[in-house]
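Some structures are shown below for you to check.
Below are two complexes that have chain A in common, paired first with chain B and then with chain C.
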Partner chain A sequence: MSIVEISGLKKYFDAVRAVDGVDLAIQPGEFLVILGPSGCGKTTLMRMIAGLEKPTAGSIQINGADVTELPPRKRGVSMVFQSYALYPHMNVYNNIAFPLKAQRREKKFDKATMRGKVESIAKLLEIDELLDRRPRQLSGGQRQRVAIARAMVTQPAVLLLDEPLSNLDAKLRANARDELKDFQRSSDITAVFVTHDQIEAMGLGDRIVVMEKGKIQQIGSPQHIYDEPANEFVATFLGSPSMNILRGERHNFGFRPEHFLPKTLQDNPENSVSFVYFVKRVEYLGSDRLVYGYIGGHENKLTLAKVPSNVRVSLAIEDEYEFAVQYDNIKYFDEASGERIKAPADFAR
Partner chain B sequence: MNLLGLGKYPLDNRRLIGALFLTPALLYILLLVGFPFVLSIAFGFSDVTVGNTDLSYVGFRNFLNVWENDIFRQVFETTIRFTLLSQIFILIFANILAVIFTQDFTGKWFARFIFILPWATPVSLAMIGWLWMLDTKYSPIDYLLLQMGLLGRGGLLSDNRNLFWLAAPDLAQISVIFVQVWRMTPLATVILMAGLSSIPTDILDQAEVDGSRFMRTLLQIKLPLILPIMVIALLFSMITMFGDMTVVYVLTRGGPVDYTRVLGLYSFQVGIEGGNLAQGAAISLFAFPLLLAMAIFMLRTASRAEVR
Partner chain C sequence: MNALNFLLTNFWSLLVLAFLGLVALRIVWRVWRYGATRAELRHVLRRSPFYFVVLVFCFFAAAPFMIMFLHTFKTDSDLYRRPQPFVYRDEPTLEHLDALFNNTAYLDFIRNSVLVGVAVVIITLVLALPAAYALARLTGRWGERAGILMFLVYLVPPTLLFIPMFRIVVLLGLKDSPLALIVVYPSFTVPFSMWLLQGFFKAVPPELEEAALVDGYNRVEAFLRVVLPLSLPGIISTVVFAFTLTLHEFIYGLVFIADTSQRTLSVGVPTELILGDVYFWQPLLAAALIIAIPVGLAYNLFLDSLVQGFTMGAVKG
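Entry: the complex of A and B
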């Protein structure tokens, strides 16, 4: 049984449809990432799960109970905000203990139990040395751990994380991502993680929910949504650089830059489609070369190729080459709706 | 165009524009605060009167005379008592109102507007209004109490048809404090409202998710976070009130007897109305070290409580 069950969830702010009909089942112990560009409704969706925002329509169930009308404190969820939202006037201990104190009357535990809980979660997150410090005396990474400790101390059913890594510098971020995933696995908590960063999403998520314009575009494992995008939006939103989309006669088709290689490099040339490729510019990125150019017949659209640096192919600017894509790496999309369609029997560009 | 060495775009010169923007404030402080202050010190150490404007130095004579005067001591004590008592009520009301006015409800804009009026009205005008409200014979408050049966023969409060708000010693003091609270609460509230709305929403959302209810969020999150601003609000209203004379001047002239005479009024009565400028200056200067100490103490408290 799923731990969170969302059905028909909508949130309209006047004319703006922030969340526009979302159905989603979150499984116990999974790390679910909600991914989408800013303004796609992902944060609103999370705030509705937390109880901070009242839905316009639809329902939310947590652990089988309908919580749609319940305040946050009765939902068994906790949240880590992008800013960490540590209480600046309290030391680390009191920050972590705050949710326990707030729920003390309902949960009925004494001071010693409380101290024990705070200390053990602090130890787990390796911040037990910092309990007397104030938030302003902590580094970004330490603040993030305090925020997670505070969210975890009540042993919530679901941990909601709103872009908690975006305030860390790039170096720390990769490390924090790793630790977060380890922590989630070892504590077996259900985590819902909101982000606009596809690398974070791919690296962390057991499943990724891609959102756009208040609607879910696709749900699936990172590899599945990357390899089998449900529509043009998902296809172009994931991947860097994004998928090349070209206009065919009856439909659009696309392929990823890393699949668009000189024909001589294709493992299976007879199973691929060839294009005349006019190279306009080459960027050397270390491990790869990023090639900008045009495909014959599609001169109005810049097409990118990502060629590994370690293959001995020289690509000169202003020259024409024969490039190819394997059949199964070409995805077809309906021209009007952008939805993915099956490869037509009579393959034609 | 380079006459003053300011370059072609003098308004882009940070030093110049800084000086330009500071000038009005500086002039205001020098002319309306600094000059009278220096003058009152000069007066305080001289024997100047309205009739004799020669300043001859007399040392601490004026201050000693004032200090040994029983009326002054009573006035000084009354001033401190009025100030402290009214601050307590102002702080309580301002906190409650600030919390109410930062909630969402229909008609909030209008309620805020009505509420700010006591502060926006010129003091003397407002006081004339209160003079009528508290009138010995025609007070509307007395009328209401009378209709409710609390006044008049057999009434709970008094057998009389009037309470004599400004004529009975205790009631006069209560009235003055009440009117001061009425007048000063809006400013303190506005300052506290600014403080409350400057608390990041994330913090308040976090408290809600953490399971905190209204009172806990108020007492453990909101109030500690606005403490520095609260101290500033308190400082403002305390200093304004300590030096104020308009309220009592219009309402009671310090009476009955000396029960509502405060420092500002006493200084005015001795120095201007009585013509003894030197004594008047000395009286008002007694407030200076006290207010200075208070201001330093409170500003230090505020900066220590500052957490962000």
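Entry: the complex of A and C
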């Protein structure tokens, strides 16, 4: 049984359709990432799960109970905000204890129990040395840990995370990503993580929900979404550089730059499609060479190839080469809707 | 006495000389102690006109208080001879302070003023805190308009309002009682404080409240436990401001209360200590100074957050 069940959820801000009919089932213990460009409605969706935003239509169930009309405090969810939203007038101990103090009114437990809970979560997140400090005396990484500790201390049903890594610098971010994943796996909590960063999404998510214009475009494992995009949006949004999309006679078709290689390098050339490739510019990126050029017959569209640096092929500017893509690496999309379609039987360019 | 007279008659030239002396001393000190370079010395010289202007303004700001203090202890003959504000030519005397406290209702004025001030501040906070919070969080077109509309009330001058207000005060049977002022003063302290508080509340990020909501509190608790403590400096400066507004209000105090013992400071002092064209200068200045000092200190303590409150309300974001 799923722990969060969302059906037909909509949120309109006047004329703007922030979330436009979302159905989603979140499984217990999974790390679900909601991925999309800014303004796609992913944060609004999360805020509706938290109860901070009232849906225009639709319903949300948590643990089998309808919480659509309930205020945030009665939903059993907790949230880590993008800015962490630590209370600046309280020290770290009181920040973490704040949700417990709210619970103390109903579930009677004494101060010692509360202190024990705070200290054990602080130890787990390695911030037990900082309990007397104020938030402004902490580094970005420490603040993030305090925010997670505060969210986790009540052992919520669902942990919501709104781009919690975006305020960290790049080096710290990779580290924090690792720790977050470890922490989630060991504590077995259900996490919903909102981000616009595909690397974060691919690295963290058990499943990824790709959103655009308030609608879910695709749900699936990182690999499934990358290899089998459901439509042109997902295909081009994921991957860097993004998938090359070309206009065919009846359908659009696309292939990823890393699959577009000189024909001589293809494993089985008889199973691939060849193109005449006119090289315009080559960028050396260390591990790869990024090649910008045109395919014969598609001169209006810049096509990219990503050739590993360890492949010794000379690629000169303003020269023509024979490049190829394996058949099964070519994806076809409907020209009008952008939806993925099966490979046409008679496909030849 | 001659030296003193010379000092006083040449006060301004001496001020300039003293300043130039200070600049010279500073240069000598820097060269001797740090071996200052020519560029550094030029910097000191270039900054000195700025400090001179600051010094003059400081003198202008402080002089009234100095003069008030010195005059309090002067005898009449000393005061009315050719004025020398900074010098005692007769022995200082306490007779005017004695007169102020024992022969006038000065203590009653203080008591009434404090009573009215405290009561009005409490009423103001009770009304303005929730109103300001609501306006700060109603970010739509509606909230802003409502806020401006309420502030407009503050701009209607008391000189226009005191006649209709007088009728109300009489109808309520509060004439000649400080209660009349407690009822009327919130009409200008509330809109003003609300405007000020709104700025402080807007500076508290909404995310903090949302965090409190998710952490298990309702909106009122989130306000009390998160927003209120964070805007405490602002609230205190609002209290200081509202209190001084009541302290220097004149026209309502004059019109609504005719009984001397029921009057407040701002009305009582000038009506008691100025009789026709006779000014009792020494007690008058003493009365003003005794009140001005605590208020001035309070203002100084909260000056920064007060300025913040005004600008935060004015600028969006």
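Going forward, the second predicted complex is superposed on the first by the 349 of 349 C-alpha atoms of A that agree within 3 Å, B and C clash if a C-alpha of one lies under 4 Å from a C-alpha of the other, contacts with A are read in each partner's own complex, and residues count from 1 in each chain.
By definition in this document, a residue touches a chain if its C-beta (ideal position, glycine included) is under 8 Å from a C-beta of that chain, and two chains touch if they have at least 3 such contacts.
Keep in mind it's a predicted model, so treat the numbers as computed, not measured.
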- chain A superposed: clash or fit between chain B and chain C? clash
- Query: If you stack the two complexes on chain A, which partner ends up touching A:R134: first (chain B), second (chain C), both, or neither?
  - Reply: first
- Message: Quick check for you: in the superposed arrangement, does A:G64 touch first (chain B), second (chain C), both or neither?
- Response: neither
- Considering only touches as defined above, state whether A:P88 meets chain B (first), chain C (second), both or neither. both
- Task: Applying the touch criterion given at the start, work out whether A:G286 contacts chain B, chain C, both or neither, answering first, second, both or neither.
- Result: neither
- Query: Of the partners chain B and chain C, which touch A:M79 in the superposed model: first, second, both, neither?
  - Reply: both
- Can you tell which stretch of chain B collides with chain C among 7-15, 115-123 or 151-159? 115-123
- Common interface residues of chain A - those touching chain B in one complex and chain C in the other: 50-52, 71-73, 77-79, 81-83, 85, 87-89, 98-99, 102-103, 150, 154
- Item | Of chain A, residues touching chain C in the complex | 50-52, 71-73, 77-79, 81-83, 85, 87-89, 98-99, 102-103, 150, 154
- Residue positions on chain B within touch of chain A in the complex are 200, 202-203, 205-213, 216, 220-221, 224-225, 307-308
- Task: Please give the residue numbers of chain C that touch chain A in the complex, ascending.
- Result: 205, 207-208, 210-218, 221, 226, 229-230
- Message: Quick check: in the complex, which residue numbers of chain A touch chain B?
- Response: 47, 50-52, 71-73, 77-79, 81-83, 85, 87-89, 98-99, 101-103, 134, 136, 150, 154
